[in-house]
Structures are given as structure tokens and as C-alpha cells.
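Labels run A, B, C and D following the written order; every chain starts at residue 1.
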Amino acid sequence: MKKIINDPHTVATELLDGLVDYYNGDASLVSPGVITMNDIPDNKVALLVAGGAGHEPIYHGLVGKNFADGAACGDIFAAPPPNIMLDATRAVNKGNGVMYLYGNYAGDVMNFNIAEQLARAEGINVETVLIYDDVASAPPDEKEKRRGIAGLIPIVKLAGAASNSVDSLEELVRLTTKARDNTRSVGVALAPGSIPASGLPTFELDEDSIGIGMGIHGEQGVGVEPMMSADDLTAKMMDLIFGDDLSFESGDEVVVLVNSLGSTTLMECLIVLKKVKQILSERGVKIHDIITGNLVTCQEMAGLSISLTKLDDELKPLWDMPCSSLGYTKL
Amino acid sequence: MKKIINDPHTVATELLDGLVDYYNGDASLVSPGVITMNDIPDNKVALLVAGGAGHEPIYHGLVGKNFADGAACGDIFAAPPPNIMLDATRAVNKGNGVMYLYGNYAGDVMNFNIAEQLARAEGINVETVLIYDDVASAPPDEKEKRRGIAGLIPIVKLAGAASNSVDSLEELVRLTTKARDNTRSVGVALAPGSIPASGLPTFELDEDSIGIGMGIHGEQGVGVEPMMSADDLTAKMMDLIFGDDLSFESGDEVVVLVNSLGSTTLMECLIVLKKVKQILSERGVKIHDIITGNLVTCQEMAGLSISLTKLDDELKPLWDMPCSSLGYTKL
Amino acid sequence: MLSADAVKNMLIAVADTVIANEDILGEADRQLGDGDHGIGMTKGFTAAKAQLEALEPTSVSQVFTTTGMALMSTMGGASGAVFGMMFQSGGMAIASAEGLDAATLSTFLEASAQGVMNIGKAKPGDKTMVDALVPAQAAAANVKDGTIAEALAAAAEGARVGMEKSKDMIAQHGRARTLGEKCIGHPDAGAVSVSIIFKRMSEFAAA
Amino acid sequence: MLSADAVKNMLIAVADTVIANEDILGEADRQLGDGDHGIGMTKGFTAAKAQLEALEPTSVSQVFTTTGMALMSTMGGASGAVFGMMFQSGGMAIASAEGLDAATLSTFLEASAQGVMNIGKAKPGDKTMVDALVPAQAAAANVKDGTIAEALAAAAEGARVGMEKSKDMIAQHGRARTLGEKCIGHPDAGAVSVSIIFKRMSEFAAA
């Protein structure tokens, strides 16, 4: 697998350097693996995201204006260690507490739980909201086993907005938890990405098959099926979301995200979006806003996911707040 | 080649429908192949972009606020016919003329020249600015043979801003021509995309080779070389840009675009960006702003391009104007 | 001399034949291009046929320009402009013609080839449809004084020979350009179209 | 009984051995995982070795927790937390120990296994390093009254047998989970690491 890199073992640090360059004075690398905005106001309730590299633009590319205040970035597909998370916690802490917001993966939970304890021991007020939006990864009564996938984008966006309007960590946790609980996603996989260090594929899948509900690293979904049309696939994915425990009824307002996992084109995302819109219209569900593109990726993996976030009167103004980051910018 | 589509022959119309859905009330399909913003003010000097589908988000995804007023969209990799361009011209014309802005490809030039003549015959004031930013496609004294590649993004962005501040078509042409003349790009290709209708690759390239200066459809560049490191590759690309007829000197200010052609990851773009920044710093060239991501693509083609746009006192405020579109949003 | 109505029927027959050859044209383009030439020509000639069928022609010129406009306005891409212009420029040059005779055909073809080269900038030898169209024009010019059937037969033979010769050329335009030597042995897809078009015209006039 | 200094030297020897086995660990992970276990352990034990060399230890507990913190703070990922916790939890449980004897080792291993299972939620049989660590702990518990060399030999043998048994297990965690039956026949990479670690400790104590 040809890639435009220098050394397969240093991609994570090099891309983080490039990311800081991208922010062009708005954000800095304050310690190894830690990128934070330069102008976090005193007493701001801080939002910290974190995760392994290789899924760009998340998570470190979500640092931005009205977005995350900072991110702790690990090696490719590996959570950063607790001390890096602790460094990040210290860097974003402006005296009013820090909320951790990240995807529910074993390595991340382990390392960040340790960091949380260490930060608390230092007197920093830390709370965690775990993201688990993937309906295909476990039944509704086992949400703690669910993976965090592309639904993290609307959740972090809402949390970023909230973090700029609340005055307590508790309030940020409440709003973010609501955003999380109002978000459902399902993904499909067509072909694996490759691991930068080895060049090997992240998983195996037949040329004519599609993995319904598969995770972004190739984790098990709800079944492998023969390739099907975009419309049939979209209907199937929407059924999985509607079959979950969050209702989407006539009159509800949602944000829709159609996310490419890497090499799936915007052309395909738009064709899927067309069907999503039709299905939501038939239900009477109103689309408040739409995002599409490469937001949560796994290298050049082929596949996409659909996420729905239900807005209420409290979340809608948060959604409408402009924001800016490498991953997502809203005017 | 597995793709998430319904019918390989209707992808262009379906994706355009999906694009209108994406704009969620801000833009409409006013006639087949023609998407325009809904609120173009009377007497606005209109900006019309156009080209074949399959390269999303361009061109139709550049319709937006302080961006293009409308776009004419053709079939996959094919310019729309003159009458569609004429329909688009009529739709965006608000009495103060229409500027055509598109990439210098034979089919596009043929069809849009005819459209221009037809529009003029109807009394619509039309002028054209051709985009030819690819330094690897012809020598500086044969600019009319150069292809338009990712540099179109900063050029259309600046033109979109200008179109909202000028009061004559001539002034828009002048500013856009300056933006075009201040922009240089060079691309590299690692692997082809696939043609949706046939599933076949758009070109062939050895597994260990990289096409320097190759066009986005596989057009000839300046040479095929063995795969090399990101740093060496970036240095080579920057040399091609610096070797051209536009000077980039100490004190100059530029916008940098590192564009993925499809499946090349943001990780790779950021690693390249890091080196671009270093090379520019060594020259004393100041980076005013940076864009990176999948902006000008050719399906899931692997490769990327670097574009530099030199700003002056007139272009800088245009650059800083916020804008919003599927392709690029700036707060 | 063919009347406007006869020319209309002739071009409807051409449309049917082009559509029937969709796969052959697609295959020709697949060798050197992106394989969509059959799809494009079918799209164009389906539209042209529908417009011709609805037309009560007042001149041969009108029949050709109607065809040209239909192709140009539905196909898109380089080939839409080129094939549209082939009929459009030719048709406009014979605006005053009462019918289609050998001399009128010659005028038509001269303007047609010129129009295509003006818009597409391809020269003979560049491996495009010009390499069938220009020999067709040259052959027809030699029988200006013959019958229209003789002139169309000459044009068809010229186009066929030109199309065959295009096999030996190295492409200078479009995607095939990057193939270099590899495109030798395959005819240009657009030249195949031109050859099919004139063959069918000739058959129509001979019948 | 091993002094704090001896334990320090023992863990430096362990670090050297783990680093020397980078390729073997990478290959084991390549069969079932993403092939980076050798890289990760080398990173962690390189840091651990550097910190140990700079340390003038005041207790065996400190030697183990220094190792644990070094692993945990440099490796990242699930394995960084798990292997870090293996030394960290064990080390904290023997804070008052004067040196490392068989009883202390047993206390260490019990807390170590418990700490790993607490943080990672893996149970024996899930095909993780727990399947080497828990048998090591059980085996060492049986020779609490022996010498430290005997206890470490037992732990090493327990770890080896556990690692071998992991070949027959179906993974319940991490990437290998999606392989199902296909992972039978290959040992868990982390279990290989645990086995290597105790083997080297045992050799050190026997020398």
C-alpha cells in the first residue's frame, strides 16, 4: 500500500505537527500529543476530546472555535496514555472543570479513567461522557457495550457550543449527555483501510459483500450481505436506526450526518442522503441541518455511516451556533 | 469496483438531487443540471461555475453563500451541454452580467463558448475566466494549454467573495483574473479512481510508482518516478511551483491548499502540509490561511495536490470574507 | 436530389443505426477512452430522432441543424459539442439549398469539417472523428457533379478508409493521449461513429 | 530474597529481553491483531529501562511501580494500560516489602492479576495476557514457602502453559474478536509477552 508518508512509525506525531500548522496560530502543541486552542478564556468549562490517530479529522481535528478546547492524540488506532490525557486536562483546565468526551473503546476507557483519577487527585474537576452511538454494536439495554462512531461529530459539535454557553461542568455534562442520548448511528463497510505501519488491511471482506453495522476497525456488525443498491442499503440502515430505542416521530427535528469512512466518495454520500431525506420526509421528520463528507474515517476504508441527532428547544440553538475546526465548520 | 449507487447511468442526476437536499432550502435545482442559490439579490454580478460530475464537491458543491451563485453540472467526467449552461446563465443573471469560471478542459471550453455566444445573443452580459493553475501541464508561455486543478478552490472562493463586493462584471473579471494569475498548483497521482459506469480504472500506474504532475483523469505529467517519502515528494512539488513564472518571495502572503484527490487520507495531507509550511518558512513566505481535505477529487483516486495563491491588499479582504458551501466553509 | 422530407427520413434511419451500434461504439471507446461513447451517442441520437419525427421540415438545412442542436444539447462533453457542430455547421452553410444534391453535400461537408475543427482544435492525424470526417469531405468533393447517391457512397468510403487509418495514429486529444504508442491498432471511437453515419446515409440514398 | 537493587537489575534484564523479542511479539500480533504489539512493548520497555537505570531504588515496590508507570505513560492503547497496571497494581500491593521473596511475589501477582482484570474487564479464557498472568499467579501461590527462584520458576512455567493454552481460545476482546474460530492455533500476543517476562525473571533469579 503506497502512502504519502515519511516513516510509518512517526505518522501520528508528524500529522499532529501538520495539524498545528493547519491551525496557523489558533492552536498549539502544548506537550507531546496534546493540541489545544490558544485563547481558552479563564473560567471556561473546558471540553477535551481524545483518541487514537489514523481516523482524521477526528479527534484532534475537532479542536476549534465553539468546538473542543483541546485533544489528546494517541498513536495510530491507539488511545493516548493517561499522562498525555492528564497533560491535556491540565492545559485546558481554566478553573471551572474539564469534560472528557470520547468514543467507547476499551483502550480509551482504560487510559482515560486512569487520567481522570489522576486529574481529580490534583484537584481538577473532571467528568466523562462516553460516546456510544452505534446501534449495530449491541442491543439498547447494553449501551455500555456500544461503539462510538460518526455520531460523535454532532455530539462534539453540540458539546462545543454548550461549553461556550454554560457556567458549570454539571450543566455541560447534562447537555452533552442529552446530545449523546439523542444520537443514533449505523455504519456499513465495503473495503478495509490499511494500517500505516504494516500496510496490511484492517479487516477482510469479499469483493461482492457489504458488512452491515460493521465498526470502523472491522468490528463485527449485524451481518455480511451481498452488495445492494444505495436505496436498499439506506432503507436497511434507517430501519436499524428506527428499530432502536430512540423514537423519530412526525414533527421531530433532526440533524443528519452521512459520513464517508475514507474512500467512499461524496457522490455516494449524496446519493444516500437523497434516500435518507425521502425516508425522513415520509415519516414527517424534519431535517434541521445536514453534514456530509469525510469526518470519521479509518484511513482509506470504503463504507459510510448515517447518524441522526434529534434536536429539542435546548439543543437547537446550540446546533445553530457557528463553529470552526478542521473537521467541521459552520457559518 | 463496489460503489454505493443505484444505477451507474443515473449517478450524476441522483447526486445532484442529493446535493439540493444537502442545501436544505438554500439552493434549488432550477432546471435539469442547474443548481442555484435561492436568494441571489437583484443586480448582483453573478458567478457561475460548471463542469462534469464525479469530482465532488466541485463544481456544484461550490454553490453557496459568498461563493458561486449557481453551477451547471454535466454527466460523470463530461461538461454539461451549452443549453444547460445557458439555462444556468439565465437563472443566475440578475441584470448585471454573469461570469463563467471553470477549468480549462477541451469539452468544457467547447460547450461553454457556445453557451456564452447564445447568452450574449439573448442580451445577457457574459464574460469567462478560465482556470489553468496546473504548472505541470504545459510551460508558462503556453498557459492556455494548462489544466485547471485544485487551485480552482481558492480562485472560486475569491471570485465568490468578489462577486458580493463589486458592482460590475468587468471588476469581477479583473479580480478573478488576478486570483487566477496568482495561483499555481501541482498534483501527484498514486492510484486511479474508477469510472462509475464501467467500474474500470481511470488510468494505470505501477504499484511502486508515483505520477508527478499527472492530471486528475490520468493526463500526462512531468514524469513517473519510484514512490518516495512525503518530504521528498513535497520538496519536488514545491520546486515545480517555484520554478514557474510566478514569484514567491520573502514577505509574500499566500493561501495554501493541500488537496486529496479521493482516497488519500487527511493524515497524509497534514504530513505534506507540515513540509510545505517548513519550505515556505525557509523562503520567508507567510501563510495567511490553509485549506486541506477532499476538495477536488476524481472518485477514489489516490494522490494529492498543492496549490498556492498569492494574496495582495485587494485579495486579502476577499479571502477573509466568510463563506459557506458543501465544498468549503469559512467562518 | 433528396427533399427535406427524404433527408429527415435518412437522418432518422441514421439515428436508428447509431443506436443499434451502441455496444460497438462503447467497445471502441473502451479500448482507448472511458467506454461511454456508445452511451453518449445513443443519448444524443435518441433525442435527435424524437425531434426529427416531430418536425415538418421546411428545408434540408433545418433537418441538419435540428439534428445538430439535439446532439449538442443532450450529449454534453467534448463529443456532444463536436458531433453537434458537425451537423449544425454543415446545416447552416446550406441554408438556401432546395434539396440535398452532390454539390450541396460537398458544401455541407466542408462547413461541417471546418466547424468541427474550429471548435475542437483537432487536426487531421490527431486520431479523432476528424480523421473520418475530413476524408469523407474530400471524397465527396471529387464527385460534386454526380448523383447524391454517388456522393454519399464516396463520403461513406472516405469515412471508412479514414476510420481504418486512424488505427495507426497516436492520439493527441482526450484520455487516449496518455496511452501514446499503446493506442496503435485501435480506431478512434468517434471516427467509427462518423463511418457508421455516412454508411447508413449512403445505403438510404441507394435504396 | 531479592533486594530492591537486584529487582531493578532483574527488570532491566526483562526490558532487554522484551526489546530483543520485538519481532516475535509483532509476528504474534500480526496473526490475530494489527501487528504492533512488538513496537508497543519495545517503546514501553525502552522507557522503563531508562527510568530504572536512573533510579536509586528505596524499595522493591518502587522498582515495580516505576516500571508500571513507564509502560503506562509511553505505550498507549489497551496494552499500555494493561501492562502498565500489571506492574503498577502489583507494586502498590507490596509497598511495605523489604525485598522480593516468594510470599511477596505471590502478593504482587495476586494484586497484579486483579488490577489487570479490573481495568481491562477480560476474564480468563478470553484470549488475552490474563490467560498467562492468572496461571503464573496460581503457580507462584503454590510455592509461597519456597525460594524466590523456585517461585519465579513456577510463575514462568505457569505463564508458558497459559500462553500455550491461549492458542485454543477464541478471542473476546480487541480486533481478534472478529476472527472467531480463525484465531484458534495462534497464541495471544500479550500472553506471549507475559511468558517472556516471567521466563527472564526466573532465569535472573536462578543465575
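By our rule, a residue touches a chain if its C-beta (ideal position, glycine included) is under 8 Å from a C-beta of that chain, and two chains touch if they have at least 3 such contacts.
Since this is a predicted model, take the numbers as computed values, not measurements.
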Reaching chain D from chain B through chains that touch each other, fewest steps: 2
From chain D, the most remote chain by mean C-alpha position: C
Averaged-CA centre spacing for the pair chain C and chain B, given as whole angstrom: 33
Approximate Å spacing (C-alpha centroids) for the pair chain A, chain B: 29
Centre-to-centre distance between chain D and chain C (centres being mean Cα positions), rounded to whole Å: 78
Computed distance of Cα centres, chain C from chain A, in Å: 55
For chain B, residues that touch 2 or more chains besides their own: none
Numbers and ranges of chain D residues touching at least 2 other chains: none
Overall pattern in which the protein chains touch one another (line/ring/star/complete/other): line
Pairs of chains found to touch, sorted by chain label: A-B, A-D, B-C
List of chain B residues in touch with chain A within their complex: 2-7, 11, 14-19, 21-22, 24, 53-54, 56-57, 61, 65, 188, 190-191, 196, 207-208, 210, 227, 229-231, 233, 262-274, 277, 287, 289-290, 292-294, 297, 299-300, 302, 304, 322-324, 326, 329-331
Complex contact set, residues of chain D against chain A: 30, 34-36, 39-40, 72-82, 84, 119-121, 173-175, 177-178
Of chain B, residues touching chain C in the complex: 9, 52, 74-84, 106-107, 110-111, 113-114, 195, 197-198, 200, 202-203, 217-220
